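The next part holds the structures, each set out as structure tokens.
In the two complexes that follow, chain A is the common piece, with chain B as its partner first and chain C second.
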Partner chain A sequence: MTIVIDILFLTFLIFAALLSIYFKNLLNSTIVLGAYSLYVAVLWTTLNAIDVAFTEAAVGAGISTVLFLAVFTKIQPEDRSVIKRNRQILALGTLFFVGYLLILGITDMPKFGDPNWVTNTYLIPDYIERTMHETGAVNIVTAILGSYRGFDTNGETAVIFIAGICTYLILNRGEN
Partner chain B sequence: MNKDIILKTTTRIIVPFILVFSLYVLAHGEISPGGGFQGGVIFAAGFILYSMVFGVEELYKIISKKVIIFLTALGVSIYTGVGFITMLNGGKFLEYAKIPGFDMKSGNAMGLLFIETGVFITVFSVMLLLYIEVAKKYDN
Partner chain C sequence: MIIDFLIYKYNYLATIILILIGLYSVIVNGNLLKKVIGLNILSTSVILFYISISKVSGGSAPIYAENVVRYDNPLPHVLMLTAIVVGVSITAVALSIIIKIEETYGTIEEDEIVEIDQNDDMVDNK
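Let's turn to the complex of A and B:
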């Protein structure tokens, strides 16, 4: 049953990604990208990564779509700017190069659910064993984010703060 | 926006549920999926929906831009402040067991809740600030 859902949603995913490029109207592309994020969220749910799926559904499908739409109201609905031919060839070349690097990276990844892989032999069992009595949190993801990697999360929060303030300052430059 | 009564009535009904759900996601993050980041995003989504339907000026009646900018800094300060309080109490930075008034077990649970609240406030206010800044020039 899971394999059927996987294949179905991966097909939808590729279809949505292709459609978002295919549409000339930016509004259609934005909506399709929102659907793309939703499909990714469903796929992560089937992989039991509920926290990530939650974030993807809230940020990818929710907030970014709204921000894209807010930007969309300020620009021309159909951007017919002329793209030079040699630029397109350059973009295609970069695309294939990056794709090649990504596929090269996949060969180093473990088989899905391989029990003998390094992280599955000591790190994850260790967290599962220790989290409950050390932090009292049932959700291991939250415990790792907040307790074991609390310093990292502090830095991430600071990054969000700095990014927000910088965006505010850039968009308000020249005023006051 | 326009004076669509269906849109306005639906928003009035649905926004309180969104806000309460986001607080549930924050407070229940130790047990169920979620936490400060997701909760903050959903809380911001409630406010963004409100300002999309009623306009940014109506939003400023609830929460002014100065307060939003103050909140972005407040969240980070809460998070870092928990770290410094544990340091002042003789522990390491962010060693939740050393939060004053709590033992090891409850200190860990409360520490997680405190820092998640900090993340929640920062994420909520930054998302709202981004939306206001992007949408603002459309109004005038």
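Let's turn to the complex of A and C:
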């Protein structure tokens, strides 16, 4: 049953992605991209990744869409570009090559949800066992994010800070 | 055999299709905003790949509860929380560069920007 829902949502997802790059009106593209992010958030919930789901719903579907809409105060919301033939041929060649390599790669992947694969047996049962009495957190994801990989999260905060400074400096460039 | 491949590896196939859609948009579209939309789709597809790896059949969400046989793999979830936030930071910086390009050139079409650069010796460097 889970697999049926999964396949259905992934097909919707591919349609939404195709639509958002197909539209010539950029406002349509942005709104379909917001719907795409929301689909993704629901998909994470069906795959049991709850923390990722609400981060995606708040940050991906919310803030990202608002940032795109804020750009439309300055630019024209229409895509006037003409697709060049030679560039399209180059792109399709590259995509076939990359796609072929990636499909070769997934033939070695395990079946979806295989509990005996190495990523689920190495180190992870140890985390799940020790988290409760070492950190006291009920949510294992929170415990790893804040405690075991705390430096990683600190680096993420630094990335947000640098991105904020960059945006501020770029937008105020030339206005002394 | 091909049916088995399609059903059990559909997540990975969908990841590949989304990667290719994003790359196509980045390479072919001349509009800069469409390129940023392509980058967004690309980053989401990578997240889809990691979350698909973390799912264990019959597993429950990685929060302690009673009567649970098996938990999903929590480590990819943590990594992807970081990836989502970094993706939004990339979007913000790219969009601010787009606004600056629009103020300087008056357009965000790649072809027109290249043309303006070739015609003018000195671009008004704001």
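Please note the rule applied: the second predicted complex is superposed on the first by the 163 of 176 C-alpha atoms of A that agree within 3 Å, B and C clash if a C-alpha of one lies under 4 Å from a C-alpha of the other, contacts with A are read in each partner's own complex, and residues count from 1 in each chain.
Convention: a residue touches a chain if its C-beta (ideal position, glycine included) is under 8 Å from a C-beta of that chain, and two chains touch if they have at least 3 such contacts.
Just so we're clear, the structure is a prediction, and the values are computed from it rather than from any experiment.
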item: Most chain A residues touched (candidates chain B, chain C); value: C
item: Touched partner set for A:145, first chain B, second chain C, both or neither; value: both
item: Partner chain in contact with A:106 - chain B first, chain C second, else both or neither; value: second
item: Chain B versus chain C as contact partner of A:40, first or second or both or neither; value: second
item: Chain B versus chain C as contact partner of A:163, first or second or both or neither; value: both
item: On chain A, positions contacted by chain B and by chain C; value: 50-51, 55, 59, 63, 67, 70-71, 74, 138-139, 141, 145, 153, 160, 163-164, 167, 171
item: Chain A contact footprint on chain C (complex, rising order); value: 5, 7-14, 16-25, 27-31, 33-34, 37-38, 40-41, 44, 47-48, 51-64, 70-75, 77-78, 80-82, 84-93, 95-100, 102-103, 108-111, 125-126
item: Residues of chain A that touch chain B when the two form their complex; value: 50-51, 53-55, 58-59, 62-63, 66-67, 70-71, 73-74, 134-139, 141-143, 145-147, 150-151, 153-154, 157-158, 160-161, 163-165, 167-168, 171-172
item: Contacting residues of chain B [partner chain A, same complex]; value: 25, 29-35, 37-38, 41-42, 44-45, 48, 52, 69, 72-73, 75-76, 79-80, 83, 93-94, 96, 105-106, 108-109, 111-112, 115-116, 118-119, 122-123, 125-127, 129-131, 133-135, 137-138
item: Residue ranges of chain A touching chain C (in the complex, touch as defined); value: 3, 6-7, 10-11, 13-14, 17-18, 20-21, 26, 29-30, 33, 36-37, 40, 43-44, 47-52, 55-56, 59-60, 63-64, 67-68, 70-71, 74-75, 79-84, 87-88, 90-91, 94-95, 98-99, 102-103, 106-107, 109, 111-115, 119-120, 123-124, 127-128, 132, 138-141, 144-145, 149, 152-153, 156, 159-160, 162-164, 166-167, 170-171, 173-174
